[in-house]
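We just call them A, B, C and D in the order they show up, numbering each chain from 1.
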Amino acid sequence: MQCAWRPLSRLLSARSYQTAWSRSQSSPAAGRLDLSGIYPPIATPFTTKEAVDYQRLEENLQKYAKMPFKGLVVQGSNGEYPYLTEDERVEVVRTVRRTLPEGKVLMAGSGCESTRATVELTEKMTAAGADAVLVVTPCFYKGKMDSRALIHHFTKVADSSPVPVVLYSVPANTGLEMPLDAVVELSQHPNILGLKDSRGDITRIGLIVHKTKTQNFQVLAGSAGFLMAAYCVGAVGGVCALANVLGQELCELERLCQSGGWEEARILQQRLIEPNAAVTRKLGVPALKQAMEWFGFHGGACRSPLQPLTEAETQQLRRDFSTNGWL
Amino acid sequence: MQCAWRPLSRLLSARSYQTAWSRSQSSPAAGRLDLSGIYPPIATPFTTKEAVDYQRLEENLQKYAKMPFKGLVVQGSNGEYPYLTEDERVEVVRTVRRTLPEGKVLMAGSGCESTRATVELTEKMTAAGADAVLVVTPCFYKGKMDSRALIHHFTKVADSSPVPVVLYSVPANTGLEMPLDAVVELSQHPNILGLKDSRGDITRIGLIVHKTKTQNFQVLAGSAGFLMAAYCVGAVGGVCALANVLGQELCELERLCQSGGWEEARILQQRLIEPNAAVTRKLGVPALKQAMEWFGFHGGACRSPLQPLTEAETQQLRRDFSTNGWL
Amino acid sequence: MQCAWRPLSRLLSARSYQTAWSRSQSSPAAGRLDLSGIYPPIATPFTTKEAVDYQRLEENLQKYAKMPFKGLVVQGSNGEYPYLTEDERVEVVRTVRRTLPEGKVLMAGSGCESTRATVELTEKMTAAGADAVLVVTPCFYKGKMDSRALIHHFTKVADSSPVPVVLYSVPANTGLEMPLDAVVELSQHPNILGLKDSRGDITRIGLIVHKTKTQNFQVLAGSAGFLMAAYCVGAVGGVCALANVLGQELCELERLCQSGGWEEARILQQRLIEPNAAVTRKLGVPALKQAMEWFGFHGGACRSPLQPLTEAETQQLRRDFSTNGWL
Amino acid sequence: MQCAWRPLSRLLSARSYQTAWSRSQSSPAAGRLDLSGIYPPIATPFTTKEAVDYQRLEENLQKYAKMPFKGLVVQGSNGEYPYLTEDERVEVVRTVRRTLPEGKVLMAGSGCESTRATVELTEKMTAAGADAVLVVTPCFYKGKMDSRALIHHFTKVADSSPVPVVLYSVPANTGLEMPLDAVVELSQHPNILGLKDSRGDITRIGLIVHKTKTQNFQVLAGSAGFLMAAYCVGAVGGVCALANVLGQELCELERLCQSGGWEEARILQQRLIEPNAAVTRKLGVPALKQAMEWFGFHGGACRSPLQPLTEAETQQLRRDFSTNGWL
């Protein structure tokens, strides 16, 4: 029977599930960069004088190189990119490129408020070695950032970008959610590959997958808290702050979801929710960097105005890891 | 057949971490009402003069009786209960009780703004035949409805209720989300069985399941848009407006999730998101009732101030069903 | 004496622009109930068993009778009306009517969720002695309470009400703001006199006065925090919880605004902001009742689920009064 | 001349309460820059290729020079500063300095996300000729921008700034409101002069004036919609987008408020609300620039992603001016 609702490969059942979508990587998106997998949006270490600490960055990168990540996101929200100069943003990407093992995807954040600045930074990021760029929604004039403006913006950027573009919607920081109709329209652009969605409205994520599937548009969960559910409704991976800390575990969660180990996946997912919330919306980048220290990475301080955790916050953070068996 | 979703299977793997809650799988839930399954929160038909139309209600009930629902929710948000008098609320429950086949669960909404009124209505609902009561968060003084007030309220209601209590959090209507810590504390009350969560924050749902599992607390998805994802993270069923219209399909989605048919489940889930949004947050109860008419049930008009759909809204509603292959 | 606040004085200057509405200043408002002045939205005292304490209510009323209030609002949000039965709501109004001195306005809250219930309660409130009814926006189905629904609802209620209707918009409780276009349209109904606006968006209040002035629509500030500013942009009075506690002072603030004593008014207004916030959005009805006790009125406990203040809250409340020189 | 709005007149009446703060009226403000008056936050004209059009900017400045403004704000939200490079930001300020008549205040926006970038840009703005800097709240990590972080940030900036600092809170763009306690604490810094508040919560504005009066902290209304009310509760001026279009009228409104012409002020204020809303939250900077064209200034296009008005929006804009007698 002809069924209107899928890439044919989606009809197959559970176990053989992976084979199906691994096969499906072929046609509609032929030649498209396959984004599926887990990415840490890496933190930027600073010296005590708030300069970028490239040495410590490289030491972190060497540790990440041993994990089964699909790649790294550089200059996502957790990278404190709004606190870096343009030169620093590019230099960090260049540094990561040098260190990143063959075959890993380097996705660089190149979003700026204006279209022209985004176009320019996208070029620089490409020259610095990005395989793809992650472009956040401009947000200062949020009242005017309707579908018309966002479609215009992302189309211009994608038209001129030498590498594929991934849309990035992160309302907790921008106060703006990318409208569904804009996502659907932009999914048709040949140089726009997918979306990182950090809000985690699972109904919306399911609907985006549904309405863009003829484009083989790739949706990435923007946080570890809903990673399993996102896989469940059709996402292909995750860009998760927590992967800076528990990278191996997130890759394991991915593997379980991919291989149909839902029971184990659920148990693992549930244990990750509180640590993830702690290093993201509850306590933010300073908590992420503190937790990195506990787990053997270089986190260190943030640039001001981000403040170090208070003692009470540090205890809360520790509790959110320890009560879930991670510390 | 091995069923993937039973508590038993939750015991597997992940080492010592599980021991604590595996110990608890025994007693507290012993003999507890099993809520797992799909429930339509039934609509209330009215005559052209806005009187409750008990005859049409019974005709709907006869149709629902043939579907594999776990039971019915009477006086959920879709039942227009805030527009019914107390006598009408009770009489509708009594009518459903008379018609409901043996073995189906009748869950009756008995929530009022004051604790005393809720206690009284809970008794009346029990006398009218409810197997359990669904108690919405009071919300008028939302600034004061913190965990302390809500724990006090639900504890008083559960202490005195002759039947088990299910918590009901529906921020789209109440402007208030039940705080996580209140849910966790209330989950320990022997007469509080579970929670209907209508917002659909899947991270929160996963965390609630995680933090209440020693109580075998039962979480029900309050909308069809995130039903599959909710199953995925540990919910046991759904109370879904859309079940008034596509009841068979929602029971099929449940079956697929239970039996591990994730591929088919995903395809079905995705086709249900837009119709579900149309009859809930987008166009509300008038749309639900209109769609019921199209699918052979009695919907009819709402009580004022709810207005009939405009022509444009009716077309939008039709489109949301037809583009997904339902009309 | 020249009074700054009469419609007549609005006619001055600004050339031809005014002609249109100056023509209209004549008839429509003729004979209309003049709402201008201060009203306490009275609290409902309860016995220790949570029964309405009519005796203490009357003792409060005798004290209020000596103050230069324009009248009383009975069953506003501070009266805990959602916690009263319909019979109690009516009986409280009847009690107030018996006690209220000649010439004072009794405005009774008669709003319910459904239009039919509101129509019926309005009739009962009139029979119990209300001079006008204050009708809150229905709000449970807030997604559907657009201008069309609200215009329909209030028109039906006003059409059938034996006494004039005052619209009531209180988003802090209802999660819903009455849309501007609905207010403007409803201002043309001969039986709708005005609006109590409790949110305090002063730009919106100014615009409502501006766009309804041909109807001589009367806007009342719904909170003491913005009373002076509301007078400044054209409001005619206030329904202020704080008037239960500092009634004399609010009437003095009114007098200063009316007589052009802006300097003194400003000083007085500023001292009232924190006490007002404390008994409204910060600490709510329990704080209002506690403060009433301090100032010689009967406040007492609230009905559950409203909880008594904690010790820390009581101290905060006291501080908000004492640092402003009231305790 | 008796002027209602000077600090001196604040000393009157209201008994013993005033003594405390009357004592403080002396020194701390001595020699401080007086901010009182009206400022247009000027728009930045662009060429058709989106380059800054310095020529047209100067032509606008020559027109503004003839109006009784207190000064100009350069790089406020309406100046599209997030779309300018740092060099452009500074060059625009330099251009304004060259053109601005003696005695007018040049307030330059120097806010960036990081503290270090803000400190640096503040120095450059000073070198370019700024008399004071307007520093917006950093906002990307809004969940972490609590009082502690903001107090740290603004203190660092004010400590190092060669010119006085004005705080800038504009939640419509930043999604973040400066907490009251942070404002009160920062008001004590000798190099922090005041606050531009663009949200317009008049209760809050009154409270800020009240709680900072010992510092003679100067509050500026950030929008024309609540300018009169802000004067009423103690603000000293306004930074109003609409002053780019109806500058003379806003200065007249200021004069009326200062001289006690409240009746005329109210009529004028009411006529300005809709045009103001149109060029700010409703239709934004593109509408401001369109209206500038109608009133004889150079507005022109915005930088992308801000889009030109649609035909329907242009008509709406025209209507908002014409129905209030301005076109």
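Rule of thumb we're sticking to: a contact is a pair of C-beta atoms (placed from the backbone, for glycine too) under 8 Å apart; a residue touches a chain by one contact, two chains touch by 3 or more.
The model shown is predicted, which means the values in this text are computed figures rather than measured ones.
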TODO: Please indicate which chain is farthest from chain C, where distance is taken between mean Cα coordinates of the chains.
DONE: A
- [ ] Please work out the Cα centroid separation of chain A and chain B, and write it as a whole number of Å.
- [x] 34
Task: Inter-centroid spacing, chain C versus chain A (mean Cα positions, whole Å) - done: 50
Task: Centroid distance [mean C-alpha coordinates] between chain C and chain B, Å - done: 37
- [ ] Quick one: label the inter-chain contact graph as line, ring, star, complete or other.
- [x] ring
Open item on the list: If we use the touch criterion from the header, which chain pairs count as touching?
Closed with: A-B, A-D, B-C, C-D
Open item on the list: List the residues on chain C that touch chain D in their complex, please.
Closed with: 4, 9-10, 12-14, 16-18, 200-203, 206-207, 209-210, 223, 225-226, 228-229, 232-234, 260, 262-264, 266-271, 273-274, 277, 324-325
- [ ] State the interface residues of chain D toward chain A in the complex, per the touch definition above.
- [x] 50, 77, 82-83, 85, 113-117, 138, 140-145, 148-150, 152-153, 156, 172-175, 281, 284-286, 303-307
